[in-house]
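Heads up, the next two complexes both have chain A, just with different partners, chain B and then chain C.
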Partner chain A sequence: MKRIVPIGPYHPLQEEPEFFKLIVEGEKVVDLEINIGYNHRGHEFISQTLTWDQVPFLVERICGICSDSHPYAYVLAVEDIAHITAPPRAQYIRTIIGELERIHSHYLWLGLAGHFIGYNTVWMWVWRYREPLLDLFELIMGNRNHYAINKIGGARRDILPEDYPKIREYLDLLEKKNAMFTNAILDDPVIRGRLENVGVLTKEDAIAYAVTGPTARGSGYACDVRKDDPYDAYDKVDWDEIVFEEGDVLAKAKVRLIECNESIKIVRQCLKNMPEGPIETRVDEIPSGEGIGRHEAPRGEVFHYVRSDGSNMPVRHKVRAPSYMNIASNVIAVKGYSIADAALVLAAVDPCYCCTDRTFVYENGKKKYSGQDLLKLSWEKTEKIKRRYKK
Partner chain B sequence: MKKEYSKKILDEISTKFPDVSIKIHAPRRIYIKISREKLFDFAKFLHNEKGFRFSIATGIDTRDGIEIIYHFSHDEAGTYYNIKTLIPKDDLKIKSLATFLPATNWIEREIHELLGVDFVGHPNLIPLLTAETWPADLCPLRRDYADEHKDIKISKKPWEAS
Partner chain C sequence: MANPRLWGLKKSPWVFHVAAASCNNCDIEILDLLTPRWDIERFGIVLVGSPRHADALLVTGVLNRKNLPRVLRVYEQTPKPCLVIGIGTCTCHTHMFESSYNVVGPYDKYLPIDVYIPGCPPKPESMIMGVVKALKRL
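Up next is the complex of A and B:
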């Protein structure tokens, strides 16, 4: 007899509203229906009402975790329309931030995965080493998320030479800890038993559902924009594409863990070879035409299509986030597994969570801080971090 | 080496489908125009025979009609093939690709509700993003939508749906 187990739209397990309707026979999941659109904000439409330089700030807010990916793909698309090339230093800066973001996003997923399988030690340890990276972001760009580093024809901020040692220091720490996590997670028989052969997505299904990123690379389908269609500094550094054949949750975890090592390698080389010079080119006008920008975000390929008619706004701006393809593949991946595995399989594609809620502090029924006060607190904290690193 | 590879594929395309027009914007950004009758076979050729990965489709409301661009990625060469087709506004119909390519399922539903294009043969053409109670004939991404439906009222609240 078929029964329905609903997960969502609002469920303690997920932080974003999405509806998964599991159709089960006993313990076994036989079918899945996905309903999205609870959080549709109409970015594509809003983008058509903003000027070229305003759009990066809008698309940055599509996602709070990979907030560098969308503006990155957008500026690449606009640079494609106008045939602009960013100066070498700006290219290296954008690459560094893109890779550091990959590390923090993969660590976020790893922590959550540990939490989902009831292994909270993994969660706490992983997030303990993710936190210094967010401090590093705040040091370089003044914000933990929403870095606002991308600009049409360059980068908005420079990475100062006195910040290099701090980044290197963190990378040294992370390299050791990442090796520790990789060994600890892969050697643990309980984790292996929980993740192995669960939620298998075969290579044929991966191609049919056109999944991208670690979800595809964990299923043996090698597609990485950084290797296939290199942009900015990615063809000037030496690194490997990580592909595993199994297609289960463990393979996806392995891809992400080992990819962090590759990111460390890329950032190190970029810091070593960072060229001198300007960080932006002058962009006078965007001619009419169309352009495509692709960036390998932590979750997969971010795709932006922009069409211009020569005015100061895009005529059409299409955004494709990787989760749009990856979540749809859950229909196949979850079939045949038990309800207890379903939560893990649904989370294995690293669905994009938005964690950018505004804060209110209430004390005795009265609002304690205004927006301005919170801003002040945040500035003070940035100063504190800068002082701490100066010592 | 990679560039020659794309040239080989482009030659193959122009011999198999002689009435397409090919525009090379950049070495790895290729735009191909094709009539909507031939699109289905062309997409099948690209995906099944050439092994291109479907990326996404973009629907655009233009003066001449609704333009749909199917973006295919050739991962081995890192090239994007963008297949453009124009659908006249008095006959908004096109053959669905979802029958052989499940990845197009969601985006065709999205274009259907936002721009009003009917995908013939789609297995389940229900709204993807809009609420169940959203009127089916209102297409929010159409150019004429903002002027005509400024104060649209939805008769039923979503939670009152049957």
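Up next is the complex of A and C:
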């Protein structure tokens, strides 16, 4: 018999209220319906009422976790219209912040994934090492989140040479801890038991659903804007694209963990080769025309399209965020797995989420699983695997 | 001690987190409060899973057409008296989203908010301070 398990709109996996309808037969998930739009604030419309330099502050508030990615793609798009390039130092600064943001976002995901499988230790631990990174952001840009570093034609703030040692110190700490987390996750039979062969998204499906970022790279589909269409300092540093073939949640976790290492590498090289000079070029006028900007956000490719008519505001601004495609792939990834895995699989694509539980949802007067119940089921499964390994 | 029920709220308030259309940052900072550096559970502040168990609501983000009825429903489910704490500039007014077609307006048109904590996002320290101030007022 088919039953419906609604999750949301206030539910534990997504920060933004989103509504998932799991259609289940017994324990098994047979289908998924997605209903989004609770978080719609009309950024594209508001953007057309702001001036060129105000828009970065708006688009950075699309998503707090990718708050560098959207302005980054936007300024690349406007620079594309005006045919300007940022001075080298600004390019390096932007790259550094982009990579630091990737680390912070991946750690956030890792912590929450730990929470979903009932390993709150992982959550607390990982977030403990995320905290100094936020301090670094505050040191460089004056705010823990929403950094406002991108500016049309350059960067808004400089990274002072006296701050380099602090960044390096953090990277050293992080490198050690990242190795520790990687080993902990790959060696722990329970975590492996929960993540391996769960929520498999094959390469064909990944391409068919046009997923991007770690979701695609975990399915063996190599797509990374930083490699495919390098911008700023990404082609001046040496780093590898991380691709795993398996497509399960473990592969996605591995991609993210190892990517943090690559990010550390990139930041180190950028700091070492940081050119001297100005951090912005003067931009007097944006001519009419259209431009695109692409940036590899922690979750995948962010794409911005901007059209200008020569006035001081964009006439059209289109945003394409990675989670939109990635969330759709959940329909495939969650099919055939148990409800206990659903919480984890839905979270595996790293939609912008938070893990607080929200309301109960009643349907036809019957109480269904709430988000908390899903978490409990997930935790119970971990316990079961743990007991199996103890024997 | 005018009202014993209000006095009851003061000790170890349980909070429920309602994200309206927010940008996640306020929400992430709320989660940050649970992690080792801030660890608000020391003070007995616990994030709970249902509004029916909550003494205080932490609201973040702006209200839009689609989530307004849901947020109001969460508020109705919360046992009264309860505190409503608005976190972030989004809740103080409508932030940058004022001109949007989908944003229905500031919170105080719909919900009685007791404390506003401005900042985009407010730092965890100021969130703790806001909650403490709200409790002191009771």
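Simple rule for what comes next: the second predicted complex is superposed on the first by the 349 of 391 C-alpha atoms of A that agree within 3 Å, B and C clash if a C-alpha of one lies under 4 Å from a C-alpha of the other, contacts with A are read in each partner's own complex, and residues count from 1 in each chain.
One rule holds for everything that comes next: a residue touches a chain if its C-beta (ideal position, glycine included) is under 8 Å from a C-beta of that chain, and two chains touch if they have at least 3 such contacts.
Treat the numbers as computed from the prediction; the structure is a model and nothing was measured.
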**OP:** In the three-chain superposition, say which chain, chain B or chain C, touches more residues of chain A.
**Re:** C
**OP:** Examine A:M325 and indicate which partner it touches, taking first as chain B and second as chain C; both and neither are also allowed.
**Re:** first
**OP:** May I ask you to decide whether A:R128 touches chain B, chain C, both, or neither, giving the answer as first, second, both or neither?
**Re:** second
Original post:
Regarding the shared-chain residue A:G277, is it in contact with chain B (first), chain C (second), both, or neither?
Top reply: neither
**OP:** Give one of first, second, both or neither to describe whether A:R316 is in contact with chain B, with chain C, with both, or with none.
**Re:** first
**OP:** Check the residue A:P189 against both partner chains and state whether it touches chain B (first), chain C (second), both, or neither.
**Re:** neither
**OP:** State whether A:L58 touches chain B only (first), chain C only (second), both chains, or neither.
**Re:** second
Original post:
Now for A:H40: first (chain B), second (chain C), both, or neither, which partner does it touch?
Top reply: both
**OP:** Please work out whether A:S67 is in contact with chain B alone, chain C alone, both, or neither, and reply first, second, both or neither.
**Re:** second
Subject >> Partner chain(s) touched by A:N145 [first = chain B, second = chain C, both, neither] >> reply: second
**OP:** Find the residues of chain A that appear in the contact set with chain B and again in the contact set with chain C.
**Re:** 37, 40, 42, 45
Subject >> Partner chain A, residues of chain C touching it in the complex >> reply: 16-32, 35-37, 47-51, 61-62, 64, 66-67, 70, 73-74, 77, 95-97, 99-103, 120-121, 123
**OP:** Flag every residue of chain A that touches chain C in the complex, lowest number first.
**Re:** 9-10, 12, 15-17, 37-42, 45-46, 49, 57-58, 61-65, 67, 108, 111, 123-124, 127-128, 131, 143-146, 352, 354-360, 370-372
**OP:** Please name which positions on chain B make contact with chain A in the complex.
**Re:** 25-26, 28-29, 31, 51, 53-56, 58, 60, 69, 71, 73, 75-80, 82, 101-103, 105-106, 127-131, 140-141
**OP:** In the complex, go through chain A and note every residue touching chain B.
**Re:** 36-37, 40, 42, 44-45, 80, 83, 207-210, 222-223, 225, 228-230, 289-292, 294, 301, 303, 305, 307, 315-316, 318, 320, 324-325, 328
